[in-house]
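Have a look at this one.
The letters A, B, C, D, E, F, G and H name the chains in turn, as written, and every chain counts its residues from 1.
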């Protein structure tokens, strides 16, 4: 073949095009195994990819599954761990966690923010990191928020999930020195702009120490939090005799 | 002149075009006298309009004056009342207020929000309504905010001025039953979008009972607050024997 | 438990996650009882929350209910008060109002703005505040608008509901001294941007004295109006011997 | 020269690049002679182009000239016709107009809209079309607007110039059957978005019969209005015996 | 009733709220009768309003009707005039037009722009103005466009309908002196932003003499064009002996 | 017919309006035959246009066909060449390509970008240009990307397809001197803004040498790439003895 | 004083309004002392606040100082530590750091991103956290980036600073398991939208594990990074015997 | 040094931070030598970098230089080649071009687009590619555009530079089969949005075969065009015996 000659044209190769090449070495490289983002995939494709991941990695995390996909996943793996509202499922053996790096608090402002909080909690479980959801502590009901401050201060990381004006992380950040990862949600009405209002509010917070992930991205917040916890674990281990 | 014949063409008639026709009857009709918005006007035009308003109404409010205009106003009216950072001046006899409708609390989140708070305070003074600025109570320093809640609850209206993520009115609204008018300010950096972030956050507040005026519009918030105070005054008077 | 140990992980706890913790003390604190925002909730969840609220508060307001939820609500509470186009229902004993603080005029520009006006009217009823909808007075038919000015001037607050270019509050504000709360609606076509055009127009009004709530937010406008009416009532009562 | 050979490279040829090739045949083709848009041009270039246009066409219109350019224009043509606030000048013999097609009313909402109104008036004069500016008839002062309705109804076209929420053309369009061309201006504060708020409001008007030109584009509105007037003139002439 | 007493509360008055008050005097005042905008109305409401309008005005125009509504309209008025792709129907006696003011050319860039062109044509018919659609003359096929220039020059007004980059009116405006009303359409893919790209392109055209209506607003363009034609007619009549 | 008389009014002429006038001469003029953009067309219309194009040109390309249209196309032309995920089909005799101008590499960042890559590959096939899809080489898995650099360097053009942050072309451009055409896709979640994020990122690339087509526009990228290949072919041919 | 009586009106109290109330207890509460954001403050105010902070805290960090303010700071504190391009200065005794929590790598894509990187480095120094800037490793020069991967992997946190398309954190995140905080900068031209393009690209990264702060917000990234380092330090200390 | 120990902190190292590390190997890798983007750099830094580049590469291209920098460049290199309006200068020996790959036509719509066209021409010269600017062929003056079509067809690539609605490339693309790279410019007024209107219009062109670079990015368009020309040259050379 000379330089300008094209290789064969792989058009309409349904199998090759539909199933992603799995990146099995990813965990070693980046600290997080590959997950299956089910949105936009057929239930069949989702199951097939999950099965292959579980075989290679021992477990597989599926996010953004619709109810039909969730039903099929339950049929195939009756004992999976699932957060139905979030469309998240964890298949296979859950990796054992460890308290050395601490645990993650997931603060959710309102009821509608819970699916995103659940996605974060399930992702953390799949990464062997412990977490706890602390719900309904939006800034309009300050007494409920203040009642949870002591608990939140004990976490290694706080993931703060909020829609609407997204003020929760600002208030939390002024009350504690824990790293805070803010997750804007697409919850809201009127000019919430699909979550952009909360996103911009979190980025523009008057309180430094907050970093932000994309709208509804509970998965990404969990991976970022796990990196922090693992960093702490690494340091803690290094100090042990 | 027949129907299709145009009247004389008033092009380049500097006087007629520069000076607005004054709307002296406005106070009787809308409850607020006309004010002079100095931005974009020459200092000379501003002085001329202020003088004519003061002559007709007994006093005149000038907003958004630059330092040079402020200097000229002080020269002309040495005893004017001025808020220099806000570029606001009140010329002439300040109308007497009255406690019947209550007073207005102007809550400002940060130092940079003060010029807008001052513009509101001066406008209220020009309308005969008493007010008090309560500064530096942003949500990132919750202890300072909570220390002022009892004071704020005694006001007839709270004007809440905040930039950045604009979370102040949300928190206040959950703590009191007073009408709250939110004013977003253009204070911020990064993706604050000239105040749009705060504006959207206030509109999308998770806490009902808030209404919002335009960015940096301390003047508009004051006129809206004065209408509420005057409404209360009208009701209070009606009940008197 | 030491500081870094997490409490139990409450993942997939359907009951706890779906049903919001009710904030029963809210009325005393903020002057408005909690309402049920039905959008995004299942009919069953909506009914359950409404029942619990009605039991605690004596009544419950449901907003943004879809037809199926409305049907179920009527089955359960045959004598509820409902505004079908708005998807709003008021369950239980309507709290008695009082004329001391005045009543609220709800001005609607066009036919399509009526559901939002209805949401405001029902919310006011749930708060014990009297109101009246005055429809079809958009600025393109100025004679109909002018015919209602005397009525509007007698209200304690005017809620002005309009879509498209949102010019109604500007025109009203120049004609009366009553506090005006503007509600932009998502009614329009072409570059109406889901109501942003009306929202921006209302914020940028050439006529001071207007404050604005979020797009289609009849509920929020009503709570803000009720705060003003109650403020007047408080003042009126204080004056009584 | 064969097909792939490039002609000489005309880089840094200051004369050819700075001075536009004049389109002298334009008037015959499009009904409007070429004008000089001075913004972004040096005063010297502006004068040179104006001189060449005036020589060819008998007159030349200059728009968006800064004060320095205006000064030089007056030096060179002491008897030019100028609208100083608008930075517009008309050099040479003004073409005679005619009443056959009617005249153009230029309605301006506020004082700050006058420079744009003046630009339109001068452009119409350069096209031989008569016009009249009717100022200070914004919708917040409805009585002043209504006092001008009879005059406006006699025009062949109404150009409605307004900033802020841009509601003037909506109100006018409901009161008359004359063609209305709306010009949004960049006047405003807060979220006026450089005139986008007024532009969107005018496009989304609840009142049909309005068409819109770009922000601050008094020149474009005038050319569009002149086309309408000339169309009427053509029809009127055709009917004459 | 004293001043603060509210009139009866008209909540949930389905009839009054659903059916708009008809504005029968509109034609005399604004030159265009009221039309029925069917989008967002039930077929039954649309039929009822159309029937009442036809009774009062002799005819009724319905725009944006979905297929079901179109079917019902045809059942009720078997001889109506309809443009099925546009969802537009004209019920009753079509008003007689007249050649005095000229006719309207409706230029459409592509096949997908035709429903908007049809809406304009039907609206013009309902106003007694003659029109002709000239299709498929987008700027990417310049030879087809140039072949129609002579025809377009004979019209009294050109309505230029185009999606995507919206360049059609710019090119036409450089070729003729006829008034041009541009209609951007929501046709396109990628970053066409629902028609905003075409809208902005038309507003920012390098060729003066164009005015623009809202996205997909064939109805509004037709009303604006009819005003121009009627203006010419008025002038033509005035000249007749 | 005199100048102001309109031709007959072609309203509701379903055939003429639905079927585009085919532009058969296009290939000679622009180097690419006309294609059928099926989105928004009925399956029947799509088939009819495809049949007419295939008859005139020997083949026809259909893009953005939905599953039902794909099914009908297969029924009619059982031996068509199809890329099912992309909704693209090539009917008739595929034009013979040639290696003189080189081949096109289509680099796709992720699995979800493959339908757009397929659309490009099918379009190139319809234009007689050879291509090869190289998938799953997003920048987060740099080792997979680097493994393909040598192959990509041998192509005449690289089409780089990516969603999310759209970083693929930046990285490729720094590694090779081949012309790169970037295609942003609407793949992503959160603030991906329907592909605008990727589009803006590609336009703002820190690496020069990239040009960009519209979101998801695999068709347009292929036509642009074919022009480059054909340009090379023309040059290569010119040099042959 | 009864409930409706206002306290004195503090208008134009220059001292109280200009100087923020210092929040000296902040470090204990949130882990970061208060800093002076000099932008928008006069040099004199900046100096005064810095002096008071340095007196209370032992040191003070000034950010976004213009050259004049920098000159005055140097005059007053000749031995301050300064990053002139960033307008950042550290006055007083720098708090001692410690290696227990690790150090922070600040990766900068291009030369223009360095001032933001410097702001982060100075902020970290003021917090007693060690850091190192690694410059010029943008994705268009992949060989320079890859040469630094081993160094970056040793850090406790990576702050990745980039403008334009903001692709640097995506590439880094795929190569290491360290927590990554991305800082978009306002560097770029064309449609970079003041840094929004980079911001959106970072949020939409195809690589999980990244969290983002506001545009040009080197200060905020540093505070967030310091929280992570301190969290690790806390864990490391807890493990020590 | 153990893993968690940071290297020295390079804060305020003015030299290292200001001068970019030069990427001298770039030409071999990417086909284009490094250039100096002068905007945001001091004149002194620009000169220093240009001198170092010229020493290594034999020549250096400087873009976006302000007048003061241009003056200093001319002082230092009296025989440089400069395009003053564009702020572009070419220092040192211009590399010899060759006709094998063809030449580039740079079509500019209006006078204000010329600086961007010049930047492209100078960049091409620095890359050894011949070019010709063809000015003032905007779509509003179609006769001038059509007169240049034969010349444009002979080019290997057309760079089409246009502001306002950006329609030039659409019209050109329908008239020729040459690859077209479109450059939107920030020229315009009103809602041109700093060039976004032209950018969106070019991306959404109805005519395939166009690819687009960022606003005002004459440099990027030239590099992309040079890659195409060089690709042709490579093919032409390969064919030679």
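Basically, a residue touches a chain if its C-beta (ideal position, glycine included) is under 8 Å from a C-beta of that chain, and two chains touch if they have at least 3 such contacts.
These figures come from a predicted structure and were not determined experimentally.
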Chain located farthest away, centre of chain B as origin (C-alpha): F
Pair exhibiting more inter-chain C-beta contacts, D-H or A-B: A-B
Rounded to the nearest 5 degrees, what angle rotates chain F onto chain H on CA? 180
Which one of F-G, D-H or F-H makes the same contacts as G-H, at least in over half of the residue pairs? D-H
Chain F-chain G contact: same residues or different, taking over half shared as same? same
Chain A and chain C, separation of their C-alpha mean positions in angstrom: 35
Length of the line joining the C-alpha centres of chain A and chain D, rounded to whole Å: 56
Cα-centroid distance, chain B relative to chain H, in whole angstrom: 50
Distance between the centres, which are taken as Cα means, of chain H and chain E, whole angstrom: 45
Multi-partner residues of chain F (at least 2 other chains): 4, 102, 110, 141, 156, 173-175, 189-191, 196, 199, 203-204, 207, 214-215, 235, 238
Residue numbers on chain E that touch chain F, as the complex places them: 81-85, 99, 102-104, 110-112, 114, 118, 121-122, 125, 130-133, 135-136, 141, 144, 151, 154-156, 187, 189-191
For the complex, which residues does chain H have touching chain F? 29-32, 100-102, 156-157, 173-181, 199, 203-204, 207-214, 219-221, 223-224, 227-228, 230-233, 235-236, 238-241
Going by the contact rule set out above, which residues of chain B touch chain D in the complex? 3-12, 14, 16-21, 23, 26, 39-40, 195-196, 199, 213-217
Mind listing the chain A positions that touch chain B in their complex? 109-110, 138-142, 163-167, 170-171, 173-175, 188-193, 196-198, 200-207
